[in-house]
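Labels run A, B, C and D following the written order; every chain starts at residue 1.
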């Protein structure tokens, strides 16, 4: 889409997420100033004072590129997603929450009622529960107050509206953000629906550590803090689950260089439908036993299975689909 | 069977066990425990009225638990003697049997077990064999699949006096099987269970097949075999007869039986070796031809009668070819399958043979036993001088030494079996053993270590076990180092610590201290006396930092020729591994200590003279060389 | 023992695992316990192969299918009355055959080097240590990829399931070919739709195998070389597509034809069910059963039980 | 015959057996005999093809008379094989049987060291020397005679036990047949028919 000579209009919106993706944009630092000359930011509520009415006032498709980060948790998120879809030519699922549901997506382990019960009644930090509960409409002398309603299921952006591009990462690394800006300005955008701001390879391809050899099967899975981690040896060889084999490269391996195993925030490589199931299949092949009882103890050594396999992709997984399709 | 009970000279004592045996050939004292039947043997005439009214049923060992017997009953209708007995654990004391017995009043619950000592000249052991329990072979499913039965169960099912009066039925539904499979070598010729061939089960399988074929001509009978063994007269013809009757024979040892859960029919998976194809055939019933194994209580009988076992648990004969009916213990003879798996003709023959061997002893007015007994030198015994000792009495397995402080110890010659334990235990060398005196053994040690002792392995072996083991090593041509020099004593208990010290004082390269395995000792506890002394020697040499392996303690039976050769070769390897000078330096270093420990040996009568003679002998031996 | 010229048997005995072959008294137990002759290759016969070694028939032994098809599952080893480690002897013969230049006739896996990221998971997954990592030049630049020793690979597919990228595959049982079969026609109300994965080796009796085909079209049977070949994603895809239940049948522990497939598969399905529990959608619709070589007729009980359970489950919803 | 060993002159005879090729095949018995001849107290040393055969025994018996031997050493097979034979031969020649000592140069020498003939020869010489040394200190002994109780016991009432008990009974010996179970008959009684003649088993 060749740009008219006027600067392309960018929009950023922050739905159900931690806001880290917004901060990554600010991390561009001085490059943000250069961007300022090339790009016209028309909507960025987190950074500058913009109101929803400003967006509604725009013509449909007026925004050239909308970077939408955050999952869809409440009715407000959904409304804004639909609104920005209408108002933007290109909608980018910016960051893991929009792309796969990320940490907020883990709420799909529970349902709305048990979450509210926990937060408003039984959480230890509460002195004594006042039995309050958020309701969408409450009448007060001054009039009616509307607050967004709390959905049962956390959805990804693509499960709510049609998404043009996906940019993984929790958060996406700042250099990749700059690469995407350059890509957009250069106009050579890849076909619709593809993943931008990441490589086709996996982290194992680029990871410098010494790989496993035969005979290194695992007798007991250990968590990172339970092992004196060797910085030069693959984590799997040390009995620690690393998501590297099933995760797209592009992040520059900040975790692995920090001597921590990869947790899979850059999403699955090409051709993988359910990232968690694939990792589970890989883990199961590493066990080292020919005794049924020992198999039991090896399996018990994996703590929080869903958290381990679907830390970032639960909302996008078939598990979520199976849970919510029924209702 | 019956004429055994009627024979005037044969006193049949059933429901009786041997508790203890003492004494020696010609003069055994046997303690018998006649278990109480709670029925008076003099009054019961075997009418069976009591069994009719008894309400309680218990499993019957005779019927292999396929059929019950009453709490008061006989094992089988043709029992000899036909006297009933009560299984008190099951009896509910309803006393209906007492009423049924009426005025005979043969039932008496107050009868106790009777303990009786019997004076006996010769003993024939004929305790027979037992059957391998195939339930430890999951692949054949015995115990899980109802229609898989053992050969003995087939015997009872086929037997007209058996639980089904001879009607062969499938346990699962009581119908007559149309297709029967017999599997040979179940538990036999199998390294996982019993490596031996059980001798008679090929013929046994063919017999059962013929019996079944005669009773049910249209039944399809198949025998799975590896090799059919028909060694004796008339056996191969019997095998031909089976083939003529249309019994199928498939060469191929089945690996597996699976069962159809609904019909309980069985599928036998085997290879037809003749064709090289895997075959799976359906049968209504499978008979497992189980192996012959020693009786489960063979260890108890072994220790009570003080007879040893060959590998596998069969009682060991004095010599497999020359004296198969004699046990190593004089006056105790072996007959039948307890000595090794054999069929009925061989068992009967060996029974008569054992009787003949026993007759040799019993018809002699008196019997000669070797005069290798112990003799006390009263003047040297400290107990005579009032000191407290009695070590010799403590060491004697047969308490043949009467000891009283203040009087010299006294050996009861008749009770002494000649193990020599007392001689070696006596710290004051106040006791000697005829034909194995200290002087004689010392002279032998000096002769054996006359030339280049540091290269020699002096091996002390006991006559009954390790000497036999050394013989077997030779018979089997197991090669071992020719630096070994053997010395024979009656028991490891006789191997005095002074001999070992003397050998090392002379500069022996290595010394082997070898005897029977604990349960095999010919002198009951002789081995234990030797073993504890060996333990003390090991610790002493360890403290002296002697190179480990130069003094070695090994228990080797007469059946372990390969072990004897291996031990000697290992000791030779130890010697080879020590550099010559280092060995000589160690010998010189330890010589004074050995001298000190063997000093009391000098005081033994004739030892001085023995050393004198030895010096002459060595001069002649070495002189001849130089 | 005087030293004769080195015979073929001596060479086999010299290789660790090859000892004791002369103890074999040709009873045939191993031949019938092993399933390969019955299910794959009529010429397969370990007893004959050992005989060939003892009779110095080198070439015949190297060309015999027994040398190449034995998957060292050791089903025969505990059954052998002479306690010969038969797969050890066959392994030694195979090693000599490879040294003599013979090759395995088996359908083995191949690696797509453009996809492979060199993570090494297939190296650990393989029971036969066929794949190993090598540094190679691919498309102009040095890369680390997995390379499979075709003589060691038995074609079980455990590595194919383990590879996160699907970079390793075997003709006939690739991921696409299996996923394509996961289809069950729509059924009348209340009739459960079931997919059953069955490994080639857990049903000894032929009539158990034919019985499986006799089920109506609401039961779809998918044959796989080893239960370790399926991966949890296939079960999820089945459930997502509206199929009510997935039953995976593998060998009993210690009887797996490819040594460890049944443990790997048991681990996958158990962990998958634990995840369903964690998501509180644990309703037992994915089940793994280990069928023993003596469990004749059990497959029928397992499938009927599963159909009954699924029917009740559908009823409840 | 030979007085106490204190003052009587030692006259030892050594006989080295060939045992066909069992011994002679590995070592030369003649060399061993010559070696033995030089040992103190040995007045007669000779090798013989088969010591246990009549020829061998007669040689020993004649030598005892001719050389007035008071000790005999037989270097041949195992004590467990032919000690009784040589003791009988020696006592027939009037010498106390316990003045005979054997050296085992077959099972425990030539048969076990066929691979090392020199070593076997050295060992055979040493074993003979040791036997001579022991013979030097042998004293005459008499077999101990014990009375024999004329009663037998058969333990086990199966077919073998019954046949033994019957035979002993027929020899007029009082026999006690002990059986653990309530009836005799053992395993055979449980059988239906018995091979090969198919007659009944009770």
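One rule holds for everything that comes next: a contact is a pair of C-beta atoms (placed from the backbone, for glycine too) under 8 Å apart; a residue touches a chain by one contact, two chains touch by 3 or more.
No experiment lies behind these values; they were computed from the predicted model shown.
Counting C-beta pairs in contact across A-C and across B-C shows that the higher total falls to A-C.
The distance from the centre of subunit A to the centre of subunit B, each centre being the mean of the chain's C-alpha atoms, comes to 78 Å.
With each centre defined as the average position of its C-alpha atoms, the distance from subunit A to subunit C rounds to 38 Å. Subunit C and subunit D have Cα centroids lying 66 Å from one another. With centres taken as mean Cα positions, subunit C sits 49 Å from subunit B. Among the residues of subunit B, none is found touching two or more other chains. Of all residues in subunit A, none touches 2 or more other chains.
Interchain contacts link the chains end to end along an open line, per the touch definition above. Contacting chain pairs (ordered by label): A-C, B-C, B-D. Put simply, subunit D touches subunit B in their complex at residues 35, 38-40, 78-80, 98, 104, 106-109, 111-116, 119-120, 122-123, 125-127, 129-134, 136-139, 141-198, 202. Across the interface of their complex, subunit C is touched by residues 108-110, 201-205, 211-214, 216-217, 234, 236, 244-246, 269, 271-274, 276-287, 289-292, 295, 298-299, 302, 304-306, 309, 318-323, 325-326 of subunit A. Those residues of subunit C lying in contact with subunit A across their complex are 117-121, 123-126, 129, 132-133, 143-144, 158-159, 161-166, 228, 231-233, 235-237, 239-240, 253-254, 259-260, 263-268, 270-272, 274-276, 278-281, 317. Residues 138-139, 141, 185, 189-192, 226, 251-262, 267, 269-273, 276-280 of subunit B are the ones touching subunit C in the complex. Listed in rising order, the residues of subunit C touching subunit B in the complex are 25-33, 37-38, 42, 45, 47-48, 76, 78-79, 81-83, 204-205, 293-298, 301.
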